[in-house]
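The following pair of complexes shares a single chain, subunit A, combined with subunit B in the former and subunit C in the latter.
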Partner chain A sequence: MKKTIHIPIGSQHISLLEPVRFSFECENETIIKVEADVGYVHRGVELACTTKFKFKQVGYVVARVCGLCAIVHSTCYTLGIEELMGIEVPKRASYLRLIANELDRIHSHLLCLSHTAENAGYEALFMRIMKDRELVMEVQEAMTGNRIQFDYVSIGGVNKDMNSELEGVIRNKLGLLHQKVAEIKELFDNNWSLSLKYKNVGVITKEMAYRSSLLGPIARASGVNFDVRNDSDYLPYSELGFKSITMEGGDIHSRNMVRLFELFESIRLIETALDGMPEGEIAAKVRGTPEGESYMRVEAPRGECFYYLKASKGQYLDRVRIKTPTFGSVPGMIEALKGSNYADVPAIIASFDPCLSCTAR
Partner chain B sequence: MLKAAFNALKNLFSTPATIDYPFEKSPKNKEARGLILFEEPKCIWCLKCEDVCPPGAIRFTQDRESFDYTYHYNPYLCIYCSECVRACPDSAVALSQCNELSPPTDDKNMNDNWFKIEKEAEESKIAVKELKKIKKEESS
Partner chain C sequence: MKTTKELVTLHEIRGAIEGFYDPQIWHFVCINGLFENDELEIQWCFAKIGVKDEWKVFYAKAPGDALLPSLADIMPTARMYEGELRDLLDANFENSVKGMFIELDGLEAPLRIKR
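Our next item is the complex of A and B:
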């Protein structure tokens, strides 16, 4: 007689935000074997980038890879192309890009936190975080012109300048957000339904994180001090004194805490960038066509976003390869799910903050 | 915990954070990006905007007799990136951006008919090029 039960979850499931399929082999309530399938929303973006769109337009196409980290994709692509074309970006443009990137991180982390709260059965906190997230969405609209698809970064610089009025709005709203995030952090730390439910659930040890090469907040929650913002100087993070946040627990609670502390760090980075904003042009002139190969990494809200570009002096690129952060965290997700209770699955998946539309592209 | 309970009580008596949307207009940011406006008298017909537009929302068709260009704009394809506004040369500045979004319409040039415009935009330019070539040969 068979002793295990086979339970599929997805590709469409009430607890999943995006289409992904897991199939579990369970012994009573404990999961012993996991299989994952992520390719449900393939859109053929990579091929379109090399056949349908010219290299100047591709930045807007890759921004549509992901709704939440749109600016990360366009920044990563643009930095790669600028390396190929040898364009020097004005310092002011770099600072503006940094601010837009950090604002994006704030709104993405807040969304993830609200979903983890919802999965613990704390609907009221979900509503509350979504309400507070509106502050940062308004800042983004005022700064870039759009709430989600910013289309802010273009080859050579950025599309919109900042004035003192806008600076005031950003400082004001981020100050308010800082207070609200502090309140949310207290809830995540002290509230019974959040802290008790999430401690020691879905644990990933430091060794496991290394073995399944995890990146981003998930690795940092397991004690691996790795952050692309520290490693490479693609935007002026070192000038602003960026400090990465690590925790030792490796469970859902510490992943939430890493995200919360990163919110404070992002708010601080934006305020420091506003203090030391250099004067000057916001875009450099673009001439010529790209040639050669480039590899570019950017720290997305969920981990490391990687782009490989190849061009040979034409209007169309030869190859665009995108590696999205969630793709790297799927092996870790499988590791974390093994040995845990079936009832914890939605919470564990949500704590990884999966973005599967970008994974399948 | 006490603070959370206090907040919950306070929220019971406060007004909702959302707006009553269909009956109340949603707030509009003056910096928000929207539709592209075109002023024909200023245009120098350099076709740079057609070249840079990522979704191909701006198309020019060319008349086969007078060689005049006609401007076509599809507000439903437009992604409001304003790449065309930046591409517009300083000697023209025919394009600008407002913060209005595309309204519902019964414009006959939209939907399936837009494909015809796209096709015509490509074919007419090739045809005009050949016509010009023939004319040149005739005159010489």
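Our next item is the complex of A and C:
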């Protein structure tokens, strides 16, 4: 006999890393209806960016939207402002920005993978990945001065140059990390505990991914070849031969594997950027004030991050609109949860790598 | 960057997007909203998949208290942005309710606040 049960999770719950509330309607163990509430940590960033801070300061404010993708927010905002002001960024600065963005992707993906391992009951792997993640955190600190929330990108370029000593540190640590990621990939691919928990669970078909406008590793794990690094020249990805990663399974396992393969691609991109690092200035002179409208997006670790800016030659902007990848992924997450077993909820949510700081901003 | 902006009326927006939107060709980025001179401007933003930096933006202008059409049946993600703009701008989309993005005891339509 079917029994209908209503189960809330959140806004604070042991299986959730950040505050979000889901309300499930289940028939026995199967989820048949899901509702989501994401607005528990709204901080009024968009309002602050137009009322409290001048346009030259906003890049450092939006870096505080999220600790994990600080560099992504400041890069996207800065590119938008540079478009409005007609600033041509030195090529060396673009290469340095690309390296910082890819380092950010590496540490974010590793964090997600560690939590998905934890959700499979594999706590030893969680600790191991978090330990290996320290390699990239140390590189970020050496390059930008901070482990996270680094204020590295500035209007016109970047704030700190690269030297041969730093280049050696990056190459050494990323070489070590490459070996570690290869070992982790073998575990995710072949370990029975992880496969049992993750294969054919939380499936999103290609059609569902298109219909739900899904983005980032979630869409790519469902066979949708959508990556802003392909669809925009915001940083010199095409010069470095960027190749997006796609898989067909659409399940948690495929999402994990896309992230793992993206780690290899990010390491390769950084090494290629170091090989071909152009000489020259790291920042252009900034004169004047912005005017007009800009639609800008970059590929954050979780997918497309979008900024709309409107300015009318003042020190304060008229509008700053931030769209973050997790916010756009919530309808897809709901679709993935429907029809799933209730016990798989923490693993499915973790596989979306949700970032509520970004979402509620 | 190639951005094409098309002005439509609130009555035309559903037909315009139904005729235009193929999710395998255009990625629905988000709904954007502005409030200027006591008037709302709502923008439905799309980016072309597999093409470098090509944007299409449909936009409509409406009085601040107008009832705005929901396109969540065409693009399920629109429901999120409609709820968000309901809270931030008090943009009254069909079937949207307050409280999805900001708690009900939070600021009332903060993006309508003038500097």
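Basically, the second predicted complex is superposed on the first by the 358 of 361 C-alpha atoms of A that agree within 3 Å, B and C clash if a C-alpha of one lies under 4 Å from a C-alpha of the other, contacts with A are read in each partner's own complex, and residues count from 1 in each chain.
Just so it is clear, a contact is a pair of C-beta atoms (placed from the backbone, for glycine too) under 8 Å apart; a residue touches a chain by one contact, two chains touch by 3 or more.
Bear in mind that the values here come from a model prediction, so they are computed numbers and not experimental data.
Enquirer: Return first, second, both or neither, reflecting whether A:Y40 touches subunit B, subunit C, both chains, or no partner chain.
Expert: second
Enquirer: Using the touch definition from the top, say if A:E83 reaches subunit B (first), subunit C (second), both or neither.
Expert: second
Enquirer: Could you tell me if A:Q12 is touching subunit B, subunit C, both of them or neither one (first, second, both, neither)?
Expert: neither
Enquirer: Between subunit B and subunit C, whom does A:Q179 touch in the aligned arrangement: first, second, both, or neither?
Expert: Neither subunit B nor subunit C is touched by A:Q179.
Enquirer: Thinking of the overlay built on chain A, is A:K56 touched by subunit B (first), by subunit C (second), by both, or by neither?
Expert: Only subunit B is touched by A:K56; subunit C is not.
Enquirer: Tell me which of subunit B and subunit C touches more residues of subunit A.
Expert: Between subunit B and subunit C, C touches the greater number of residues in subunit A.
Enquirer: Using the touch definition from the top, say if A:N146 reaches subunit B (first), subunit C (second), both or neither.
Expert: After superposing on A, A:N146 lies in contact with subunit B but is clear of subunit C.
Enquirer: In the complex of these two chains, what residues of subunit B are touching subunit A?
Expert: Residue list for subunit B touching subunit A: 1, 3-4, 7-8, 17, 29, 31-33, 52-54, 79-83, 86.
Enquirer: Name, in rising order, each residue of subunit C that touches subunit A in their complex.
Expert: Listed in rising order, the residues of subunit C that touch subunit A are 1, 3, 23-24, 27-30, 32-34, 36, 43, 45, 47-53, 55, 57, 75-77, 79-81, 84, 87-88, 99-103, 106-107, 110-111, 113, 115.
Enquirer: Which of the residues in subunit A come into contact with subunit C in the complex?
Expert: 37-40, 42, 44, 46-47, 50-51, 83, 210-213, 215, 225-226, 230-233, 295, 297, 304, 306, 308, 310, 316, 318-319, 321, 323, 327-328, 330-332, 360
Enquirer: Touching residues of subunit A toward subunit B in the complex: what are they?
Expert: Of all residues in subunit A, those touching subunit B are 53, 56-57, 60-61, 124, 131, 134, 138, 141-143, 145-146, 149, 151, 154, 159, 166, 183, 186-187, 190-192.
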